[in-house]
Amino acid sequence: MEYFLQQLINGIALGSIYGLIAIGYTLVYGIIGMINFAHGDVFMVGSFIALIAFIGLLSIGITFIPLALILVLLVAMLLTAVWGWTIERVAYRPLRASFRLAPLITAIGMSIVLQNFVQVSQGARVKTLQPVITGGYELMHAENFAVSLSNIQILIVVTTIALMTAFWLLIDRTPLGRSLRACEQDRMMAALCGVNVDRTISLTFVMGAALAAVAGLLYLLYYGVIDFFIGFIAGIKAFTAAVLGGIGSLPGAMLGGMIIGLIETFWSAYFTIEYKDVAAFSMLALVLIFFPSGLLGRPEVEKV
Amino acid sequence: MSTAPLLNVEHLTMRFGGLVAVDDVSFAAERGQITALIGPNGAGKTTVFNCITGFYKPSEGMIALTHASGRRFLLERLDDHAINAKAKVARTFQNIRLFPGMTALENLMVAQHERLTATAGLTLGALFGLKRFHAAERQAVELASHWLERIGLIDQADNAAGNLSYGDQRRLEIARAMCTRPELLCLDEPAAGLNARESDSLNALLRTICAEENTAILLIEHDMSVVMTISDHIIVLDHGAIIADGPPQAVREDEAVIAAYLGVPDEEVEDAEREVGL
Amino acid sequence: MDTPETTTGRRLGPALLDATISAGIAFLLFCLLLGVRTVDSVTGITLQPRPILLAVVVGLVFFGRLALNLFWWDRDWTFPALPFLPKKQGDGASSAANEANRLGLILVAFAVLFPIVAYLLNTAFGLHLPLRYWFDLSILVLTYVMLGWGLNIVVGLAGLLDLGYVAFYAVGAYSFAIISAHFGWSFWMCLPIAGILAALWGIMLGFPVLRLRGDYLAIVTLAFGEIVRIVLQNWTDVTGGPNGISNIPGPSFFGLDFGLRAENSFHAFFGLRYDPLYGTMWLYYIILVMALITNFVTLRLRRLPMGRAWEALREDEIACRSLGINTTVTKLSAFATGALFGGFAGSFFAARQSFISPESFTFIESAIILAIVVLGGMGSQLGVAIAAAVMIGGFEALRHTDSLQLIFGQGFDPALYRMLFFGLAMVAIMIWRPRGLVSTRAPSITLRKGKAAIAGELVGEGRA
């Protein structure tokens, strides 16, 4: 029971990170119907930016951790958002009216570019950050096993909930959110109604990238180890999460992230750690066979 | 020769969640006739069509198809592709569904998939040049050319279907359906978007198909001039139920039909106008 | 009338503004990732600023963008059209299609003659050409041509987006390696078995994904590819785990081996002097024939009901069903046929390398093969072959080009940058020709002589 509870906590923390990345996939898919394959690597870029910014701040004497973290968060969100914007502008916008597989290929190309750019500019070796946020609470104590909730896990979950709420309000209550939803329904009609479609799509990428940067920072703080390849694995998992939850659906992305995080954690804990990804992917296949549009996705109606 | 009607729809009901799109509809379509299914928008015509051609599985009811040979099929139990391949029901679509990147000829060749596959010796035979397949392929090209000539598109045979004009695409879709050699041809608004001249030639085409090819036609149409000219038998649907069923003349004068199309009969409108002092 | 100088002058202001904005964005992009390098030290990570590099890159963006603004975007000339790539439908297209056919024949003839002629010239004149390298590179390119053609059946013809094609390549390779290790069977006995096993895997994958459309299909095939790789990586008893399987025998020449001290050696039988190149050339011809068979079968299938049904499926699945085509069988046959050729290519890969490990079957391989198909032009055999040659050949060539060091200095290691260039090239080519190098579709049957190509814009993309 204690062991189970501990795994549940770990799974939720991991799932929150996946969920934050998955939102980027789901937003972009919802609005332009493409798989932004480079998004996982945007997350990786975000965590590198966070790492460099954090060490940079420490080295110029800002050692008050909460202040440093907030500054890092802002810097990482800003700079990663610029990456997201640039990628859309350079690699996707020229192909928007074109053949549907073309942007998928440029997205895979951008993913390769980002990975190798970071590898070349920062080196291929893993980067280790000493634990920044330590401590936590012991929730329960069995004979030889303690269930603990670490501060970093609290931070991850609280940040995720706060961002999700803010984001949901943004989509649901603001004019920006309205134009975003309009573009999602019918881009042509939205344009005719005076929505600036190009700007809305750009903003989607910017928001997705900013959330990925938050996920990148949280990942860095949680695991303390990053390399240029983390984006690929995390990206595939997060995309799986988005599809699982029903691509295009925001709550679906979060739900999918949680499910993937929990499956992975529990599988590693109770079965074999080597096959945790197999478990996650098999779950995806199973869910899609029974819910072809994901768990919370709108079912596609076959119009005859 | 069987005496049963070609198509016999009995107690057909189709529900989508709480919405009853088609409610206990029964009708028959006879061999050698053109049967029209009409009704205001949202009456459930296309839903009936989709049930007959297997795109929907009806919630209740039976759809029986009897070939001239006496073979009988229960369409609601067949897979959608078997409804064409076995029961020989072909259809066209309200929004044309050709294979736009393939030529007109290729479109008609795809329609003969069933017969060509039967001679292809599990594809491997044809891959290594089976004679039987070559003969079948030649016949298929002949049938395709025959239909291209009948719809006047033989000169466009090697052009992409997506490049044809709207009217040509409509006719090509009918020809494609005919290349499956159907016993029943279901047409979903074949005259939509056609001009008067095209519409006339379509009427002639449908009449000859019905007379010469031993293919009965079931059609949905909004254009009353087309319906009244070519139909032998008209079924009127409103709100998912049949409100009239009979020859064109009878349907034309049916009060329920007029009410469904115009709201209420003219006299009632006049009465109402008089009452409010217009 | 404005003279060019004055228009340039008038455009200078906006151009400068645009270049400045671009440079600003470049600064934001690169300020941390390029401007600072993380260095591992005893105390943890320290930072090492690289302001000059950052300034150079931002400056390059500024002047590059300025130049683009002033001289490129308003230019009144365009690239001359490539002669062999048919562009538009019409009378010109039919001759272009014929030209493409002729080019295909020339390429095949060249591929057949190239090793023998090169070898003979080399020995006759003692040229010391790097034949070994040329042959190895050609074998690699041909392997990708074959993989591209195999995937083209699934993606290009049937319109089913498959991001896990490498799984079938892996199944083929491992089937051969395991069977030959356990039963000692030769390459030629294992080849059909490996192909059939891969095809069965194709059907197994096909079943669960039949109902899925578009991107859902893509992600499940991707997941499937990853599952296969993870299993190979961890099922140590059978697959050797991360260490892989080594000492896989190469293909024999009608029972003759190519080793120096082999019992039935090729050179002894024919009374030739031993030369390791014989084995390489034999491998070259095997993969060439295998690739050509793939091509032949695909072209033939396009004219058969099955292939037509694939293309019809790509164009409109609902119409297919209304014409009595069993879409389940059609999709499974496409998956199986594509997988079959992937499996053959995998066996060849194992035999050629004599060593395989899960590392060779990562997602990036699937992505490269898919990129070759899309860059080549979906459904076009010639386009796929050209794309494979350009991408793989060019990509490999980067590894060995020392001339770049002259530009970038001695510290420049091209091998490190080649994946970066590869990714950039993918993006650039796609933007340049979104429908691929050969975007037109040749009809599978015509009533009259002279093929007219169909414009790519009309051709469906399937449920991709």
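In order of appearance the chains are A, B and C, and numbering begins at 1 in each one.
The working rule: a residue touches a chain if its C-beta (ideal position, glycine included) is under 8 Å from a C-beta of that chain, and two chains touch if they have at least 3 such contacts.
Everything numeric here is computed off the predicted structure, so don't read it as measured data.
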Response to the item:
By C-beta contact count, B-C versus A-C, the higher one is A-C
Response to the item:
The chain whose mean C-alpha position lies nearest the overall protein Cα centroid is chain C
Practice prompt. Please indicate which chain is farthest from chain B, where distance is taken between mean Cα coordinates of the chains.
Written response: A
Worksheet item: Between chain A and chain B, what is the gap in Å from one C-alpha centre to the other?
Response: 49
Worksheet item: In angstrom, rounded to a whole number, how far apart do the mean CA points of chain A and chain C lie?
Response: 30
Worksheet, complete the sentence: Taking each chain's centre as the mean of its CA atoms, chain B sits from chain C at a distance in Å of 45
Item to complete: For chain A, write out the residues touching at least two other chains, lowest number first.
Response: 302, 304
Discussion item. Going by the contact rule already set, what residues in chain C reach two or more other chains?
Written reply: 318
Worksheet item: Tell me, which residues of chain B touch at least two other chains?
Response: 55, 93
Worksheet, complete the sentence: Note: in the complex, chain A contacts chain C through residues 29, 35, 45, 48-49, 51-53, 55-56, 59, 75, 78-79, 82-83, 85-86, 90-91, 94-95, 98-102, 104-106, 108-113, 115-123, 125, 127-130, 232, 236, 239-240, 243, 247, 272, 274-275, 277-278, 281-282, 284-285, 288-289, 292-294, 300, 302, 304
Response to the item:
Note: in the complex, chain C contacts chain B through residues 89, 297, 300-301, 304-306, 308-309, 311-312, 314-316, 318-327, 333, 441, 443-448, 452, 454-455, 458-460
Item to complete: Under the touch definition given earlier, write down the residues of chain C that touch chain A in their complex.
Response: 25, 28-29, 31-34, 36-38, 40, 44-47, 155, 161, 208-209, 211-213, 215-216, 218-220, 222-224, 226-227, 230-231, 233-234, 318, 363-364, 367, 370-371, 374-375, 378, 416-417, 419-420, 422-427, 430-431, 434-435, 456, 461, 464
Discussion item. Can you tell me which positions in chain B touch chain C when the two form their complex?
Written reply: 53-55, 79-86, 90-91, 93, 97-103, 105-106, 109-114, 116-117, 120, 123, 126-127, 133, 141, 145, 154, 157-160, 162-163, 176-177, 180
